[in-house]
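Shared between the two complexes below is chain A, which pairs with chain B and chain C, respectively.
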Partner chain A sequence: MTVPLSEEQRDALQELMNISMGQAANALARLINAKITLSIPKIVLVSAGEFQRIFQSTEHWFTRQSFVGLVKGEVLTLLAKDGTNTIGKLLDYQIPMDEVSQEELLLELANILAGACLNVFSAQLGLNTKLSMPTMFSSQMRQAESYRWISTLLLEVEFQLEATPFDSRVVICLEGQSVDTLISRLNQLLED
Partner chain B sequence: MDCAALHLQLNNRLPLGVCVLDADYNIKYWNEFFADRTGFNSEQAQGRNLLDIFPAQASYLRKKINSVFVLNNASFSYWEHKPHVFPFSTSRPITGEETLMFQNIEFLPLESEDGAVQSVCLLLQDVTELASYFQAEQALSARLEQEHAELKALNDKLAMAQSQLLQSEKMAAIGQLAAGVAHEINNPIGFISSNLQTMQDYGERLLKLVAFYEKLVGKMGTETSKALQQDMQQRLQFDFVRQDLPELLTESVEGIDRVSAIVKSLKSFSHVDNAEWQSASLVEGLENTLKIAANQLKYKVEIHRDFAADLPEVYCQPMQINQVFLNLLVNASQAMPQGGHLYLRMWSQQDKAYVEIRDTGSGIAPEHLSRLFEPFFTTKPVGSGTGLGLSLSYSIVKKHQGDILVQSEQGVGSRFTIVLPLKPSLDE
Partner chain C sequence: MAIPVTIADDSMLSRKTVRKALPPGWDIELTEACNGREALAAVNAGKADVLFLDLQMPELDGFQVLRELHEHHVKTVVIVISADIQPEAQKLVAELGAFRFLRKPLQPEQLAQTLAELGLI
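Showing the complex of A and B:
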């Protein structure tokens, strides 16, 4: 199914990611009125075992959110447990938060980050994706063998709220078929 | 029917609330779901501000809607976090146990031709059924968890009771075994003992007879017969036999006496002999026992008495209780071979009498404490203790529905406390 990316394709994808993540960070900064720094987006092909390892962190909450459109997949968001209060304050939550409002905050945050990243990205490629509701995710139960795929393409970016311990990672995972779609779109873009 | 009319009809048939707002929260359109529940139809609602119609929810709605405009990205509201954003009553007014509708809301960006987001669509989903199912499930799981915890506590208690039962079962089984053995060997021991005594008598007579013959030969025999006698006695090592025979028999009689003493202990351990129940003074019993044990105690042990003056009489088997006292006193004295102090205390509390016997002896090793009342358990050298004393005491006290408690520290001493109910309820 998955064709490894050529140098040229990878560069193009990287460029697209840089633009879309920048715009996402920008939008988020406007919403919460705080300065946000972001890492250079990473594009990696991972196996189920490597994927599993991302979710072994005990310092993060995990959320998942699926999307459909020309490409399908899921967005997984890792949110630092440290600093949830700081970001809660910025989003007008009552501090200290009870369990329910903390979950509400985490899902809202995940939705904002995932939506911003995915929307800009898919708009540039004309992929027309729609995100569904996010839910909390715990991967502890799942063994690497239980995943139905062998490898997946991850587009990964890290956001950090300046002057706070809060950080988050957004991982866009593409389903096998969708990787091919993405590559053919990239090729079209490169030919133009 | 044209497409627009079809869409409109579809919109109103959907089991969803649909409401479209502009950037100032003014209503552009809402479907019958909203109309039915607010009393405003779509025309009446048009142009009105949503936040004015629902002032209590204004700040929450504003936040959600703003985020859609800023990020151009859908936003969500879950029933688990905000169950009743719109104050709509339940969809199950007759049979439902909930009064307000549980809602999931999606806030979707709607783009105009130039791509900018100019309106937001609220999609309201009635999830009352799901929510109440979920809540029932959670209540059930909480109840299960509680019941599980209760069961676990009960289980632990059962396990403890079982181990206690096992302990007393073991004692009872050994008691029965002991009674059986005692019964079986009592008869042979009886005739062995009496035969041995007779043999002792016969042996004496035989030796006397030999002595008589020797004298006779000495006085009247020829030199030859004297020499023959000497030769025969030497060959048979008769001098040794003469000396050894009475000793052997005496030892055997002593041995058989010891065996029958053990059998007697075994029999009383299993209560084959029934002693009489009566009201008795424990002080009197202990004093009598002290007299019997005086032989063991005197000269080396200093006795301190502290008996409560108003001690009531206890309904018991006095002889058996005295046996318990004797065992404890003898043990205490054996624990203090170099002498020491013996503290005897007696008092009553509520419907129980307490007898405490404390020594300043060698104490009991911690690993021995748990086996103390086991039959045949002894730390004394082989031959000097039967290992039945304390187990016998234990079974006597248990039969009185009482208890023996032990505290001991090595090198400091031991404290045995006997607890006896003043009036045990006897079912025998």
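Showing the complex of A and C:
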């Protein structure tokens, strides 16, 4: 389902996400000395059930982090299982990685990408969010019914490491009331 | 005489941000372009002695615009304003003859300083 946003609001939201994604990619690119390909940000409204479907992917590891501030929600980071070794190698991990090293690597990547995405996004709108540290997440841990909300706004960006199977998606999930706050902040920015 | 200046960016918000950051009193004639093709058309029509250029754009992207200008030895002063700030993008842009690389979100003071450094204001 598409969010009822005006063309101007959608444009602004996408551009703010572009900028956030750019800074996140830059942080990773400098760390591993490689080039990251950026996607066009996606903005969608989903129900709790549809949201649950994200976790059906067997090709990704998942981490989650929650944030509070003027808006509340969580940030999910999907990391391609296939590319874990590629990144590990670039960061001097011993391949094959043991479970502990692998988890450390995944959490570190999530921290860099999701951290920059949310912080830069939030700073541009003065949303003053604080993000928790990432934890590994498995879809079996939660059922759709356990979500407190009926629908959520997803802001999604994708990073690909050029010429490798590694890709990562960062999804910022906002709950109902926070969507209203976001839109009102967006309108302020547009009226300036 | 007013300097012909073009802002090329597919985002309305970003075009507005650049527009608002232009130094007050700078005597220019402003054109806006929504993609690389429009940016080149503006250059060819003599509307861009100075070109503020985004990199990620539909039709032609900023790199392609730079390549085209570079190949034809066009004298436009290009200032790239980009969300993609990776070292590789900055390096390529410099090789393709852009004068400056500014990162988004654009800071108005930085734009003014850049224009001053380039002797444009």
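Following the convention adopted for this analysis, the second predicted complex is superposed on the first by the 187 of 192 C-alpha atoms of A that agree within 3 Å, B and C clash if a C-alpha of one lies under 4 Å from a C-alpha of the other, contacts with A are read in each partner's own complex, and residues count from 1 in each chain.
Simple rule for what comes next: contacts are C-beta pairs under 8 Å (C-beta built on N, C-alpha and C of every residue); 3 or more make two chains touch, one makes a residue touch a chain.
Computed from a predicted structure; not experimentally measured.
Chemist: Clash or fit: how do chain B and chain C relate after the overlay on chain A?
Modeler: Pair status: fit.
Chemist: So, A:104: does it touch chain B (first), chain C (second), both, or neither?
Modeler: It touches chain B, and chain C stays clear.
Chemist: Let me test your reading of the model: by the given contact rule, A:45 touches which partner, first (chain B), second (chain C), both or neither?
Modeler: neither
Chemist: Given the overlay on chain A, how many degrees, to the nearest 10, lie between chain B and chain C at the CA centre of chain A?
Modeler: Vertex chain A, arms to chain B and chain C: 150 degrees.
Chemist: Determine, under the contact definition given at the top, whether A:136 touches first (chain B), second (chain C), both, or neither.
Modeler: neither
Chemist: Contact-wise, after the overlay, does A:30 reach chain B, chain C, both or neither (first, second, both, neither)?
Modeler: A:30: touches chain B and chain C.
Chemist: Once the shared chain is lined up, is A:190 touching chain B (first), chain C (second), both, or neither of them?
Modeler: Once the two structures are laid over each other on A, A:190 reaches chain C alone.
Chemist: Identify the partner contact of A:115: answer first if only chain B is touched, second if only chain C is, both if each is, neither if none is.
Modeler: first
Chemist: Identify the partner contact of A:14: answer first if only chain B is touched, second if only chain C is, both if each is, neither if none is.
Modeler: A:14 sits against chain C, while chain B stays out of touch.
Chemist: In whole Å, how close do chain B and chain C get at the C-alpha level once superposed?
Modeler: Checking C-alpha atoms only, chain B sits 12 Å from chain C at its nearest point.
Chemist: What residues on chain A does chain C touch that chain B touches too?
Modeler: 30
Chemist: Which residues of chain C touch chain A in the complex?
Modeler: My answer: residues 11-14, 20, 56, 82-88, 103-105.
Chemist: Over in the complex, which chain B residues touch chain A? Could you list them?
Modeler: 63, 66-67, 70-76, 78, 80-82, 104, 106
Chemist: If we count contacts the way the header does, which residues on chain A are in touch with chain C in the complex?
Modeler: My answer: residues 8, 11-12, 14-16, 18-19, 21-23, 25-26, 29-30, 35-36, 38, 124, 189-190, 192.
Chemist: Going by the contact rule set out above, which residues of chain A touch chain B in the complex?
Modeler: 27-28, 30-31, 92, 100-101, 103-104, 107-108, 111-112, 115-116, 119, 130-131, 133-134
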